[in-house]
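The same chain A turns up in both complexes below, where it pairs with chain B and then with chain C.
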Partner chain A sequence: MASIEFVNVTKEFEKKDIIKDLNLTIKDGTFTVLVGPSGCGKTTLLRMIAGIGPQSSGAVLINGDDVTAVAPGKRGVAMVFQNYAIYPTMSVRENIEFGLKNNKVKKEERNQLVESISAAVGLTDYLDRKPSTLSGGQRQRVALARAMVKEPSVFLMDEPLSNLDAKLRAQMRLDLIELHKKLGTTFVYVTHDQVEAMSMADTIVLMNNGLIQQEAAPEEIYHEPNNLFVAQFIGTPPMNIGELGVDGVKFGFRPESAQTSDTPVDEYLSMEGEIATREMLGSETLYQMKYKDSAFMLKSNYAFYKVNQKIHIGVPEDKIYLFDSEGTRIRKDHERYSSYLEVLRGY
Partner chain B sequence: MKKHNVWLSVDFLLKAAILFAFIFPFLWMISTSLQTFQETLSVPPTLIPSSPQWINFVEAMTSGPFATYAKNSIIITLSIIIIQFLVMIPAAYAFAKYEFFGKNVLFALVLIAFMMPGQVTFIPIYLMMADWGLIKTLIPQILPFMSNAFGIFLLRQYFMQIPEEIIEAARLDNASEFKIMWKIMTPMAKPALATIALFSFVSHWNDYFWPLVMTDSNEVRPLTLGIAMLKQSEGISNWHIIMAGNVVLVIPILIVYLLCSKQIVKAFVYSGIK
Partner chain C sequence: MKKKTFWETCRPYVMIGPAMIGIFLFVIYPMLYLVYLSFFKYNLLNSAMSRYVGFENYIQIFNRPDFYKSLTNTVIYTGGVVVLTMLISLFFAVWLKKQTRLNYIIQAGIFTPHIISIVSVSLVWLWLMEPNLGFLNFALEKLGLPTSQWLQSSKTALFSIIIVSVWHGIGYYVLILVAALQGISPNIYEAAELDNTSRFRVFRRITLPLISPQMFFILIIMTIGSFKVFDTVRIMTGGGPNNATNTLVYYIYGFRTTNIGYAAATGVVLMVIIGILTFIYFRLMSKKVHYQ
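Our next item is the complex of A and B:
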C-alpha cells in the first residue's frame, strides 16, 4: 500500500516542456485513472512513478519518500505495459518468476507464489508454454501475473486493454475492478478511453497538454466539469456546445438531458430542429439534430424519429452549462450567470 | 495456360542452371578426391571415378602433421568466435540501447573498421606481433579478430528492433543491466548470433592469407595451409590428395551450416512478438 505524490514535477523532452510544474497526490489504495488525448503526458507521469522515465525537475514521492534516486526495481511498483512486454524467449513460468529470482526469493516460495498467481489468473495449464503460442488475452494475463506475483505496493498500468477485442476488454475491466478490491493496493491506470476511465476509477485525473484539467470522481467529472475540455472529453457522445453570442460565452448540455417531442417542449431552453442522422444502438437511439448553423447530438429512448423529420427538444435549466471565452466553467455564483442564462430563453 | 507452362519451364531451367553452377565445383572436388592419380590427368576429364580411392583421404591425413593443423584450426576458429561474442554483445547492446557521449563517432569508427581490408593492416600487425615475440604462438591468428565490426553492426540493428518496454519491464523486475543483456537480449538475438557465428566461422576456418603471413612453423599452422602444402610437397600436383584434404576441410562448414540454417533464415525475417 502506498500513496504517490508529484511535487512541482517538470518533464522536458528535446527542450520542450511535456509537463510543467505539476502537483498531484494519489491517495493510498485508490484506483486512479490518468486519462487524456494522446500526447497529454499521462504515460509520462506513469513512467516517472516507475522510474523508467525520470522527471527533469521536481520530486516524486512514494509513501512520503523521495524515490528520485531509487532504481525502478526497488520502488515496490509493478507495471503492465500496453504491448505486455513479455520476455519472448522465456516460458510463462519463467516470465512470472523472473522478478522473484532477481529479488532472491527462495525456490520453494517462488514455486508456491507462481502456482497460486497463475491459478488466480487462469494460467495454470500454460505455465510451460512460450508466449508466442498464447492468445492476446492470455499474454495479457501473463503480464498481469508477472506484476501481481511481486506483491507490489503500487500497480501501474499503461493502456493494458487497448490490444484486446471489445468483449474481452469489457471482461478484463470487471476483472481489474475485482482485483483492485481484493488486493486493496494503489492502482494507477493510464488510458485514452474515457469509458474505461469512467467505469473503473475511484478518481479520474483528466489531462491535456501536460496540465491537469480536473481531478475528481467519475460522477463529479461528468456532472460538474471544470471547463470546456473536460465537458467535451467525457461522455459519449460528448456534451453539446453552442455559441451564446454574448462575450464569447458558450453553453452546453448533455445529449441525454434533452427531452424530445413532436410538439414544442416547455423547458428553459427549447428549440425546433431537423434530424440529420439516426444511430440505433439498441436500448437507446442517437440522433443528430440540425439547428440553424449548429448540430446537436441527442440520446433518446425513443427510436421512432426519422431522418429529415422536424423535432422539438427541451433542456431544463439545471442541465445547462455555461463556459466563458477561455473555456472555464461559469458557475452559479458568477455575477453574470443569470444574465447569460437569460439569453438562452428564446434562443 | 500454355504460355504459363512455358514460363514455368524457363523458370525451372534457370534455377537448375544456377544450382548447377554452384554445386558443380563441389561435385568435382568430391569426384577428384576419389580418383587415382592417372584419372586426374586424363583427357577428357573423368567425372565418375572407376573405383573410389578412399586411400586418398588416409594419404592426405598422414602426409603431414594433419592432427596439429586440425587442432590449430579448431582452437583458432572457436577462440575467435567466443571472444567476438564477448566483445560484440555488450558493444551492440550499448550502441543500440544507451545514450552516451560520442556514441555516433564511436559507431562510425566501427563502420570504418568494417570497411577496412585485412591487407591494409597485416604488415603493422605482423611487425607488432613479431616484436612481442608471439609469432610462434596462435595469438597472431586470434587477437586481431577479437572484435567483429560486421557482427556489432548486425547485432545492433537487431537489438534496436527489440521493444524498449521489454528492457523496462526487466528493470522493474529488478534485473541488473548485465542480466538484461545476457538473459533477455542475447536469447532474443539468437538468429542474428547464429548468422554472425556462421559467417565468422567460415571466414576464419577458410582463411589462408592471414595465417600464411603470421606463421613460420608447422606447429602453429591451420588446416588451410596444411592442405596447400600438400601441393608443394612433391614436384607435381597430386590433385586427388589435395581434393581429399579439401573435402575434409569443408565438412565442418557444412555441419555448422546445417545446424544454423533455420536461425539464419529467422535472422532475416525477424518480427518479434507483437
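Our next item is the complex of A and C:
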C-alpha cells in the first residue's frame, strides 16, 4: 500500500525541461491511468517514481516519505517496461524469479509463486523457454509476471498490453482490474488506448508537453473537460470544435450529442449541412457533415443517410461546451457565458 | 517447372570461382604441400636427392625433448596471454563503458600500441627491460621494489614476453568489449535495479552472459594467435635463454634451412593442435555462450 506524491518536480534532458513544476498526488490503492500524446513525458514520470530516472529538482514522495535517496530496488515498486526489458539470457522461469532470489525468498515459496503467477498470465507451458523464442505478446506477459511476482506496493505499467491481440487484451484488461481489486495496491498505468483508460481507471491523468491538463475520474474527464486539449484528446471521434466568431471563443459538442433528422430540429443549436462521408461501425454509424467552412462528426444510430444528402442536426444547450481563445473552458459561472451562448442561437 | 538452362546451372560456380581459385592457390595448396613435405627428408641443394621417409619425421618429433620443451613453452605462453588479456580487457571495458570524453582519450591511449608494429614494440620493451640500464628496473628500484632479470633469466623470460604481447594486444579487445557492453539495452540494467540485484550479480548474471559471444570470439582468436607467436620471440630472446622462450613456430623456424621435412612435420602437428583446440572450444562453448 502506498500513496505517491510529486512536489514541484522538474525533469530536464539535455538542458530542456521535459516536465516542469509538476504537482500530482496519486492516492493509495487507486488505479491511475496516465494518458497523453507520444513524447509528453508519461514514461519519464513512471521512471521518476521507480527511481531509475531521478527528477532534476523537486521531490517524489512515497507514503509521505521523500524517496530521492532510496534505491529503486528498495522502494517496493515494480515496473513493466514499454519494451519489456526482460533478461534475454535467462529462461522465462529465471526471469520471473530473479527478483525473488535477490530478495532471498525461500525455494518452495518461490516455486509456488512462479507457478501461480505463470498460470495467471498463461505462461505455464513456456517456463523453460528463452525469451528469444517467444512472441511479442508472450514476452509482454513475462514482463507482467516478473512485476506481479514481487507483490509490490506500487505497480507501474508502461503500455503493458500494447502488443496483445484484441481478445487477449480484453482478457488481460479484466485480469488487471481484478488483480487490482484483489491486491488493493496502487497502480499507475500508461496507455495510448482510450478504451483502456476509460474502462480501467479510477483517475485519469491527461498530460501534454509535460504538463498535466486534467486529473479526474473517467466520467468527469469525458463530460467536463477542463480545456480544449482534453476535449479533443478524449473520445473517439473527439469533440467537434467550431469558431464562435466572437473574442476567439470556440464552441464544441460531442458527436453523439447531436440529434439528426431530415426535418429541422428544434434544439438550442441547430443547423443544416451535407453528409460528406459515412462510416458504418456496427451498432452506430459515423457521419461527417459539412457545414459552411467546417466539418462536424456525428455519431448516430440511424444508418441510412447517404453521402451528399442534406440533413438537419440539433444540439441541446447543456451539451454545448465553450472555450476561450487560450483554450480554457468557459464554465456556466463565467460572466459572459450566456452572452456567448446567445451567439450560437443564430449560428 | 521450367528446365534450368546450362548457364543457370553453372552460374553459382562461376560466381564463386575467382574466390575459390584464390583459396585453393593460397590456402589449400600450401597446406597439402606442407603435409607432402613432411614425409620427406628434403635436400635443399638438390631436390632430386630428397628421400621419402614415411612417418619418420613425425616419430622423430615425438621423441625429441626440445619439441616438448617448446610445446610446453607455447602452452604456458598461450595460457598466460589469453587469461591476462581477457581479464584486463574486461576490466578496462567495464571501466570505459561510459562514453565520456576522458574515457575516449584513455581508450585511444590503450588502443595505440595495437597500431604500432609488434617489431617496434618488441624493440622498445627490449630496451625497457634491460636489467642494468633499462627503465623498468630503474623504476622498481626507485619504488623500493625488487628488480628482475626480465629477459635474461630463464625464470622470467617467458613471462616478460607475455607482458609485451598482452600490452600490445589489449586495446583491440577492449574496443570489442566496450562495443559489446554498449550494445546492452540500459532498460535491462534498470529492470535489474528494480529487482534489487547486487552489482556483482548484475555482472555475473546479466553483463557476462550478454557479452559471452564476444568473449568467446576473443578466446578463439587469441588462442590461435598465441599458439603461432613468433615475432616477439625472434626479436627479444631468439628462443633463449636456454630455450626458455622457444615456442613452436620459432622452433619450426630454427629448422628452415637444416631440415625442411622435419619443420614441415612440426607445422602439421601445430595445425592439428590448433584444430583440436578450436573444436573443443566450440563444443564446450556452444552450451555456455548465449547468442541472441
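A few remarks follow.
In this section, the second predicted complex is superposed on the first by the 346 of 347 C-alpha atoms of A that agree within 3 Å, B and C clash if a C-alpha of one lies under 4 Å from a C-alpha of the other, contacts with A are read in each partner's own complex, and residues count from 1 in each chain.
Note that a residue touches a chain if its C-beta (ideal position, glycine included) is under 8 Å from a C-beta of that chain, and two chains touch if they have at least 3 such contacts.
Everything quoted here is computed from the prediction, not taken from an experiment.
After superposition on chain A, the partners chain B and chain C collide with one another.
Judged by the touch definition given at the top, the superposed model places A:Leu281 against neither chain B nor chain C.
Of the two partner chains placed by superposition, chain B and chain C are both touched by A:Ile52. Contacts of A:Ala166 after superposition on the shared chain: neither chain B nor chain C is touched.
Of the two partner chains placed by the overlay, chain B and chain C both lie in contact with A:Asn83. Shared-chain residue A:Ala69: touches no atom of chain B or chain C. In the superposition on chain A, chain A positions 50-52, 71-74, 77-79, 81, 83, 85-90, 98-99, 102-103, 132, 146, 150 are in contact with chain B in one complex as well as with chain C in the other. Touching chain A in their complex are the following residues of chain C: 185, 187-188, 190-198, 201, 205-206, 209-210, 290, 292. Residues of chain B that touch chain A in their complex: 163, 165-166, 168-176, 179, 184, 187-188, 190, 272-274. Remark: chain A residues 47, 50-52, 71-74, 77-79, 81, 83, 85-90, 98-99, 102-103, 132, 146, 150 touch chain C in the complex. Within the complex formed with chain B, the chain A residues making contact are 50-52, 71-74, 77-79, 81-83, 85-90, 98-99, 102-103, 131-132, 146, 150.
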